[in-house]
Structures are given as C-alpha cells and as structure tokens.
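Labels run A, B, C and D following the written order; every chain starts at residue 1.
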Amino acid sequence: MLKAAIVGATGYAAAELLRLLSSHPEVQVTHLISDSSAGTPIAEVYPSLHGFCPLVMEKLDAEQLGKECDVVFLALPHGVSAANAPALLAGGCKVIDLSADFRYADLATYEKIYGVTHPCPELLSEAVYGLSEIYPAQISAARLIGNPGCYTTCANLALIPAVRAGLIDPASIIIDAASGTTGAGRKPAQAYHFPETDENYMAYKVAAHRHTSEIEEQVSAAAGKAVRLTFTPHLLPVKRGILSTIYASVTPAFSVEAMYAAYACYQEQPFVYIHPQGTLPQLKMVAGSNMVHIGFVPEPATGRVIILSALDNLVKGAAGQAIQNMNLMFGLAQATGLSTPPWYL
Amino acid sequence: MLKAAIVGATGYAAAELLRLLSSHPEVQVTHLISDSSAGTPIAEVYPSLHGFCPLVMEKLDAEQLGKECDVVFLALPHGVSAANAPALLAGGCKVIDLSADFRYADLATYEKIYGVTHPCPELLSEAVYGLSEIYPAQISAARLIGNPGCYTTCANLALIPAVRAGLIDPASIIIDAASGTTGAGRKPAQAYHFPETDENYMAYKVAAHRHTSEIEEQVSAAAGKAVRLTFTPHLLPVKRGILSTIYASVTPAFSVEAMYAAYACYQEQPFVYIHPQGTLPQLKMVAGSNMVHIGFVPEPATGRVIILSALDNLVKGAAGQAIQNMNLMFGLAQATGLSTPPWYL
Amino acid sequence: MLKAAIVGATGYAAAELLRLLSSHPEVQVTHLISDSSAGTPIAEVYPSLHGFCPLVMEKLDAEQLGKECDVVFLALPHGVSAANAPALLAGGCKVIDLSADFRYADLATYEKIYGVTHPCPELLSEAVYGLSEIYPAQISAARLIGNPGCYTTCANLALIPAVRAGLIDPASIIIDAASGTTGAGRKPAQAYHFPETDENYMAYKVAAHRHTSEIEEQVSAAAGKAVRLTFTPHLLPVKRGILSTIYASVTPAFSVEAMYAAYACYQEQPFVYIHPQGTLPQLKMVAGSNMVHIGFVPEPATGRVIILSALDNLVKGAAGQAIQNMNLMFGLAQATGLSTPPWYL
Amino acid sequence: MLKAAIVGATGYAAAELLRLLSSHPEVQVTHLISDSSAGTPIAEVYPSLHGFCPLVMEKLDAEQLGKECDVVFLALPHGVSAANAPALLAGGCKVIDLSADFRYADLATYEKIYGVTHPCPELLSEAVYGLSEIYPAQISAARLIGNPGCYTTCANLALIPAVRAGLIDPASIIIDAASGTTGAGRKPAQAYHFPETDENYMAYKVAAHRHTSEIEEQVSAAAGKAVRLTFTPHLLPVKRGILSTIYASVTPAFSVEAMYAAYACYQEQPFVYIHPQGTLPQLKMVAGSNMVHIGFVPEPATGRVIILSALDNLVKGAAGQAIQNMNLMFGLAQATGLSTPPWYL
C-alpha cells in the first residue's frame, strides 16, 4: 500500500484527488496539508467526505513528509508549488506537481509566461512532462512530474497524432475550447458568482491564455519545428468538462483512413476513445472519468478538418492524470483506481 | 417627467430598477449614487446598459439629491439605508427604501431581528409598508415607503386573503420557499460560487431567517392575533424567482369556492393571477415581470390545503414593487412601465 | 463472480446500474435486455460506456435468463415489470425489481394507486421491501425484492427513527421534496424539454403523487397505526438528487438528545450520515453516491422540528440501493462496489 | 395602430413575438393562427401570458387574414411557411417570414440545402433579406421579408464590415458558434431532454449546418466574390443567446484603427454596440434584447484577428429583428417597441 499526501488540500484538484484515491486499491492517503486550514478535518470543508476520509489537515514539513510518504501531490499555485519540491525529493518520495512549475522544458518560456522566478530551475531537466499517453516510458522512470494543464491535455492528445503524421498544417491550427467552472478553482470571484455565470457564455484571455505556450511547446515537438497557434478559452455554465473544437488545414497526405491510422497510436491506451465517423465527443460522455474522447469531421469544401476532443478538467485534466502518472511511476497498471465509467447523467 | 435617483447603484436591485425604469414613460433616472464607484459609468459595471444608460455614478449628497429629485430609491444594506432618509426627505423628495429599515411597525422587533440600532426611529410611524396590493391607499399618501422583502411578498400575498377570511388556521402555517440566487446580491461568496451552487439545492437559515418576523407581522395583522409560523428558505440553482409552497390546516369554513371568493380581492389588481383548479404557479410563468401567480390544492385526507405562489424576487420582490409603489405615490396607473409580460423562455 | 442481467437496459436506472456495477468486484453483467433495442450495443445509447461495456442488448427469454444468471435487475415500468418475475424465479435466479410492483404489502392499495391488475399477486407475500437499513435481515433471506421509490427512501429513512421513538406526531408530518430530472426517466416530454425546465421550479402531482401511499405504508408501520401525511414533490433544474424538507410537531418526549439517540440506529450503517447541529444536508454532499444525509433543526417557537434528508435519486433512490440489496442477498459486505465518495463537484 | 397576426402561434418564435409586441405602442396583435391548436387560448400554452393576451388560436384562412391585418408574421417550418405567402399578399398585408423560405436570392441553393421544392419561387425576386442594419432601404420598401437565421445574423453583422473593408481574408474565415437551446424550438427530443442537455456541451451538424450557406451568400456579397467558410454550431446548456467566436487571417490593410473605422458603419444603429479594446461580448450582455455586441482581439503572433459577436437568438436572431423590419416597413422608428435593455441577470 503506497502512502500518499496531498499538499494544498482545500482546493478542487485536491478534493478530486481524494475522491478518486478513496477507491484506489493500492494507495492510502495519509496526510493532507494546508497551512491555512491546519487542524480542520477535510470533511468540514467537503462534507461529501464524511464516512470516507477522517483526516485532519496539517501544516507542511516538507522533508518529514517526503520521508513518510511514497508519493506527494502538490496542488498549490504556480511559484509556490515548486518551492516545496527539493525538500520533498530529499525526503525520498516521488513528487507529482499539478501546477505549471515543472511543465516547461524551457526555463525562459516559463518565467516569461508566469512572471515569476523559478525557485528550483535545477530540477527542470529532471522533471518529466506528465502527458501520460505520450511519454509513458519517461514517466515510469521519473521521480518528479510536471502534470499538464487541463486545456493543454485536451488539445495535445487531439493534435499530436495528426501533426506527427503530417496530416495537418501546424501553422493553421486554431483551438476553440470551452471549460466548466471548476477549472477556475475554489476561490469565489465576480466572474464565477452564480448569477453572473449561469445562463452566460463568454470567451476570456483571448489571444493571451498561458496554456497557449504549453500547447505550442508540445505541438512544436510533434511537428519538429516551432509552431505558433491560436487558442481561445471560453467559460461554460457547467461544473466540469472541456470540449476542444480544433480547426486545421489538411495536407495532401490527409485522408479519413490516414487519420484513423495516425490515432491508432492510442489503441492500447485505456483512457482514449476514438469516435468513428458519424459521432463526436460531448462533455457528458467523459464527465467524472479519466477518459478522453476524440473525433473528427473533414470539410472538403474548405480543405479543413475539424477535430473535437473532450475530457473532464478535474480528472484527465488534473487529478486523474496525476494518478495515472503515479500508477506508471510505481509500476501499477495505468488504469488502477481509475476504472469507473463516466457519469453521463 | 419624474426625476429619480438610485442610491446603491452597483447592486442587483439597482440594476433591475435601471432595467425597468428604462422603459417607464413617466420617469427619468437622473442620478446614480455609489460612494465606492463614484466616477465610473454604470455601463462599465453592467455592460448590458451600453446604449441605454449613459450615467456616471456619483457620491451621495443626500439633501441636495432630495432637492433635485422627485423620488429616490434606496438600495443599500439595512442600517446604512435608513440613515439617509431624513436628509432626503428634508430635501423634498419621496423615498422608497428597499432595505428592511422601514418595514416594521415595531421598533423593538426590527432592532432585535437585525441587531442594529435604528438611525431614525422617529420616521417609523410615518413609513408605510409597501405591499402594494394590500395597502394601496396608505402608499398613495406616503412620502416614505419600506419596500417589502422578496420572500415576504410571495408568502403574504398568498396568505392574507385566506387568513382574513378565516379559511385556514394561522397557527398551522408552514411556508417552504425556494429562491433564485440573485436574492443573495452581487457580492461573491463561497455559497454562491458557481461550482458550489450549480446542480445543488439546500435549505439555509432554517428556523432562523429574518423574513419570518416580517411575514408574521403581516399575517398577524390579517388574523387579528399574534401568529408564529414556520418559514424555510432554500437556494435554487437559478438566477431569479421565488416559489412558495405553503401548508395550512383548513377551518370548517374552508371550501374551494370560499377560497376563490377570498382571493377575488385581487380581481382588479393588474399583477396578481389566481390559477383555476388544475394548474399551479411555476417560476417561468412570472420571470422578469411584476406578476404574482397564486394557486392551491385542497387535501381532504389530511385536512390541509397547499397554497403555491410565485414571483420574480428582483421584480415583484424588489425593484418592480418599488416602481409599483412609486406609481401609486405619484398618482400614476399602477402598471405604468411594468406592462411587459413574463419571459417564460 | 456473480452473473447479473438488467432488463430494461436503455433506461436511466439501467445506465446507473451499469455505471456502478462496472466497478463492483464480485459481479459481472452478462446480459442486457431490451426488446425494442435488441441487437444494439449499449455503448451506442450511452457513449460513455465505450471501453467499459461491450454488451449488445438482447430480447428477453425470462426463464432462460433466470437459469444463466444469479441475479436479475428489473428496470421496467410498473405492471410490465412484475410479469417477468415468475419465470425468472423459476429459472433459479434472485430478482430485484426497481418498479413499484413488489413494494406494497397490500395488493388493494397497489392496484388502486397504480390502476393496474397485479400480474402475480401470489408473489407479494414473499417479496421483501428493499429499504436496506430498515429490513436487512429480511432482505438477506429474500429471493425477490421490491426496491423502494426514490422520494420514498429519502423520506422514510429520515422519518422512521423519530416516529418509532415517538418524538414526533405522525399526523402532523408534511414532506416537501425536490428532485432532479433524471427521476422522470429518459423519455423526452414537454415538461422536461430543456428550455422549459432550465431556470424553472415547480410543484407537481400536489396531493396526488403515488409515492405518498408508499411513504404512508412504512410510516404507519413505524407508528404502529395508520398514518396519512402530506407529500409535495417539486422538479429541480438539476440532473440528480432529492432533498426532503420534513415538518412535524414534536411530542413531549422530543429533545435534541432524544433525536440523536433515535438516529443512532444507523450508527453501523455505511451509507447514512447524521449531521450534527449546525450543518444540514445538501444535494452536492450525496451526488453520485449511495449516501443518505440526515439533519434536523428544532423550532421551539412553533413546537415543530424540521428534518432534512438528501440522497441521489439514481443511486440510493434506485440503482445503488438495488446493488446494496443484492450485496445483502448474496452475503457480501453491504458497501461492496458502492464505496466511491459523493462527487461534490 | 397596426393590426398584426402570427401564424404558427404555439412555437417559441411566436411566443417571443407576443412578448415583445405586448409592449409595442403601435401594434395590436389581433389574430393567432395554429391549425393544430385552434380553439385554445394562447395563455393555456404559455401561462405567462395570463393577463397579457386573451387571444384564442384560430385556423388559417390566408387571404381573409391578409385582408384583416396590416402585417402577418409567419413562424412556421420551412417549406410550409412560404406556401401561405401568395394568398396573404393577395389579401393586401405585408408578410415577414421567419423561416428560411425567402432568405435566398438563389433558388437552386435554397432547394439543394433544404431539400424541398419552393412553393412560390416567383416571389423570390421580390422578397428582401431582412438583415436590418445592412439592407434598411430595401426593407423599408418591401412587402415580403425573408427574416435571417439566428446564427446567420450573429455572424454576418460581425463579418460584413471587416470583409467589405478588405481587412480580413474571406477564405480564412472560421466561425465557431454556440447557441442556447430555444434555437431548437419547442418540440421535445432526446437531444434537448433536460438530463441530456444539462451540464453538457456538444458540437452538432459539423461541416453540415444549413446556416453555412446563408452566411456564405452574404459574406460573398460583401467580398464581391464567392466565399466558402467553416461554421461549427454548438449547443449550450442555457435557454437563450448565441456567441460567435470568429477567426480570420488579417490582410496588410488591417489595423485596430481600421477595424473601428469599418465598424463605424453601425454608428447610427440603435441595436449594435462595438466593444472598445479590453472588453468582449458575453451572452448576458444581450439576453432578452434586440442588441448585438461585437468586439475583437488582434493576434499578431499568428496574423489572425478573433472577432466575437453575441445576440439573443429569439430576439435579434428571430422575433426582435422581425419587429425591427416591421418598423422599417411601416415607417416607424427602428427601435419602437424594442427599447428594453438586456436582462443581464
């Protein structure tokens, strides 16, 4: 039984980690860390956990925690998160960081995009980008994971096979994505006040969202050259889920058959479903689960293909993929503890 | 053309006053007051007002405002609100206060329930309770109105006819009510954070809501004796609307015919619709309008009657009833500027 | 490994059975029955099941099915459902019927309320009412279960301890309940058309809902005398969940301590959480799980107590309780396969 | 006072026409036509109209109706709608058709896209496309209007100025749009069943929606050459509103200033608001009103501009624009009866 801790225990990613780990057969959560809520039972913050999690939150002692645990999930804001990694690793545990701090191979890009000085740049070369389906071998060997962003995972899993196979023109990529509100976290704000969000739909951070650079880094790697693309996030009046509607111009190599051949790279992956022609991903098909659904429609009249992908931002976009990475890191079957179907209803 | 001002202009009640008054043929809003947002155009706070309201918010000078305006709507928190009334009245305008400050005939009840010292108790005897359908004559003659609460209006209009006619036992009254989230105002809080409110339903302030005393005061007046009753508010994952499901034991005088005879008191009222047997009020039947729908179902097996009433908390429960009262105070037809049908969709 | 079948496989209760049984360690679903959809993979109806359930729906051969399976879940409309029970039982399996057909001890009540002639009244005396926390011994010994209604379970688990202990007056009970829309099933209808349901709230079947008699039957048993009560269902613009707000006059024996003593009967039950004074059940605290939350607030001014209970209508109100009963019937731990926490988000 | 009739009175577009015309000072609705509901008061179908509209629906006698009315709104399905136009016009009234039947200059395109034979192609040359801001002179002179589609109006008003001014490359246009559910009409269907739509988000008719051709016809006219573009509609879990997120590559002539110069064509238009840099359209800014909000963000890194536009599909996308066109046709000020601000809440 692996011993796990969650640092930043009051946030939504932590709540989802707790929900999912409660039925993981090989993991026991032994410590919940929250400096501001130390002494409070987690079930007072999330009453849904009465009967499921008796833990009381504690203050952080990183090195001690690293000694007592096999794995620590960091669910803290960027900048704050990475600062704890060295002591945790020194204690001997493996670390999965859900913030942006260890997602970038390139320090300068990270520091420019996030406007902070990285607290431990020496760890960047060791950290592995936790896009489970793309880097399973590296993840399996890692002790430090930069867990990908939610929008990023949704877009990259949909794009990488077609880009690698040269079926679409990387310079033409436009990602129009819509997310549920849990992506914005637990802290109340005007934009997420129920009377302002309900029955509304809006774009935000147009041409300026931080995940753009994270998507570009991965798509560039797949394309073998630097790619700039357009990414527009929208806020949906729902709790969970991201749907990406991706537009790209096709290359002469493109055909429906070539697309399915390219996406066959996911054939053995338990969490990716490729839709046949005629059906497409929807939020309810993936809600609550670690699944990613991908589908596409060619548009011969314009020479474009429209690729759609859907995932649950709290699961495959955060806590679920973190657990999937943990499974890989500890030699467990990828789907261990993640085998519940989506909710649909 | 009456000149009107709204004090507390950034709140939801003010926004609704502005929306409704924009199409009132006899009123022009000339001043919007907000000490904290002075200098900001209201259309920056509510972009829906671009093209409809060019006003810039100002700091309050109560006596000056009272001189320049015919009517001032106070849309401020209780305690704060009443403090402005004396200077406004001294300036010569009429005042409609949407807070609880002028709703109670009994000072002690107000001060106990709201936990504040009333800033101008000398005005309480002059203030008229603005339940338009019940006190039209007094409202017409008033220069100071205590505009009723939203839950209160919904319950009282449904109860008063049956209680006055002696068709139900006042001691048996139980009001189970559910409200949309705009009732809680514009300020973000955990309980109204979209991911916490969406898909949820909860009771709150059970056996402890302030509107209980306001309902009791009016029902007692209708019954001719002191009445204690049960009132349970719930929070609905919608923007607008209150539905009250009211339970009471019937008296020997009760019959379906006697009920319709009692509610015929509303026959000439433009904003009350009494459902025939077989249909009942729903939120969508009143949303966006100043209407109140009332219906009832007798339950012979238990000797009870279930009375249902619905209104829009921002309109008949706040801004609309305030305008209805203004119309009465200035000798206009009650429905002036309030004649748009409910939205339904 | 138990072999299970679901008859009526396209409905929402069946979809939820499939979702939950997918992670049940002791059960394999081997047959999905739908006469109208035979030949169609269930994942075409619920695309969320791609990768989780490869089964194709079949036509019903009841006796053969009874031979091949250990347990059959009937998720069919009342009247239709019971007709299959004799052949299934003859085949040798155990049967859990989610319809109303086997819920009533009294045939006449059932036939009056549901307006049908019972197809196999001879089985009524054998059938056990599957309110798991109240009748565990009988359920463990049964081969035929009448699985309780959703509203019924929510009300009865909240009422039975207080009624048994004589702390409330059964004649005073009023149940005001609100349900999510999945309770109405999968078939589209005007009342559940999104533009009509969204942002709406309504009471329905006031003083006329069938579950009233089912609640009365159980409360009468707890009271030791015939009880008539008031039950008002409402439709919430959410997918899942029932919240019951229950009003009752207290007896001289009532005290907060006496209430907690009465509800201590659930102390060993894995799916019941009793709130301490100061917090109350909400839908999000139970969504997606088999949990029931119960809390209460005394109101000395009126001599009443307000009891609140919440559950997920598709889980504890249908599929989850059916699985809980199956666990009891086959000697498994009650919580087997049902140990995932509520979703909260 | 103009006399107006609505044919197809039970649908959502008709309900919205009734809501809006109720406060139009120059129009009286005298006839509501519904062959299937003749004899039923409209307030039985839409109880929100109790107290606002006493009309009873009637069967259609087109020529007689054309004689008795000044204007008739056709709110019927395509194919069915146009068939009534000749007799109505013969009666002497003006006709505003909300279906697709009179939207196309090119008969062949219409018949190919809609798969029907046009019942009165001889009227196509006379019919005027009712995009009010673009064709005001022609509309003013018309007796027959083809009222534009909802998605179409939202996209075309956002695109035409930039295309006419040569600031974007027409061949690069991609329209990603999301609509509320009222756009799908009143008839229940699985895709709009509340439990299936709530908390969901999906694309539909990808690369295959009929409005694509209607957008292309207008954009081609603006570009002065045939344009093919990509349009992807999505279904939002809200009642009302369309948000279009439009992507296009800019030309060398593009600049932020050039854009504002191009959109200054709307300066005198009462229903178009152009956002300054820094804010963008959202559904709640236009809900319930005839407003269109347009904003844009340049993205120098990709050479694209992202243009956003929002409107209410039932108002500016259907009933409101129909009334705006009626105002133009009868020489009334464009905003007559349409001057209520958006709801925001």
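Heads up, the rule we're going with is that contacts are C-beta pairs under 8 Å (C-beta built on N, C-alpha and C of every residue); 3 or more make two chains touch, one makes a residue touch a chain.
As the structure is a prediction and not an experimental result, all values here were calculated from the model.
> Consider the two chain pairs A-C and A-B; indicate the one with the greater count of contacting C-beta pairs.
A-C
> What rotation angle takes the CA atoms of chain C onto those of chain D? Round to the nearest 5 degrees.
180
> Taking each chain's centre as the mean of its CA atoms, which one is farthest from the centre of chain C?
D
> So how far apart, in whole Å, are chain A and chain B when each is placed at the average of its C-alpha atoms?
46
> State, to the nearest whole Å, the distance from the C-alpha centre of chain B to the C-alpha centre of chain C.
It comes to 39 Å between the two C-alpha centres.
> Let me have the rounded angstrom distance from the C-alpha centre of chain A over to the C-alpha centre of chain C, please.
A distance of 36 Å separates the two centres.
> Which parts of chain D, given as residue numbers and ranges, touch two or more other chains?
Correct list: 12, 180, 182, 195, 198-199, 237-240, 282, 284, 287, 345.
> If we count contacts the way the header does, which residues on chain D are in touch with chain A in the complex?
Those in contact with chain A are residues 174, 176, 178, 180, 195-196, 199-203, 206-207, 228-230, 232, 234, 236-241, 243, 245, 247, 280-284, 287, 297-299, 301-302, 304, 306, 308, 345.
> Which part of chain C faces chain A closely enough to touch in the complex?
12, 15-16, 18-19, 22-23, 46-53, 182, 198-199, 239-240, 270-271, 273, 279, 282, 284-289, 291, 293, 314, 339-345
> Given the complex with chain D, which residues does chain C contribute to the contact?
Residues 12, 180-182, 186-190, 192-195, 197-199, 237-239.
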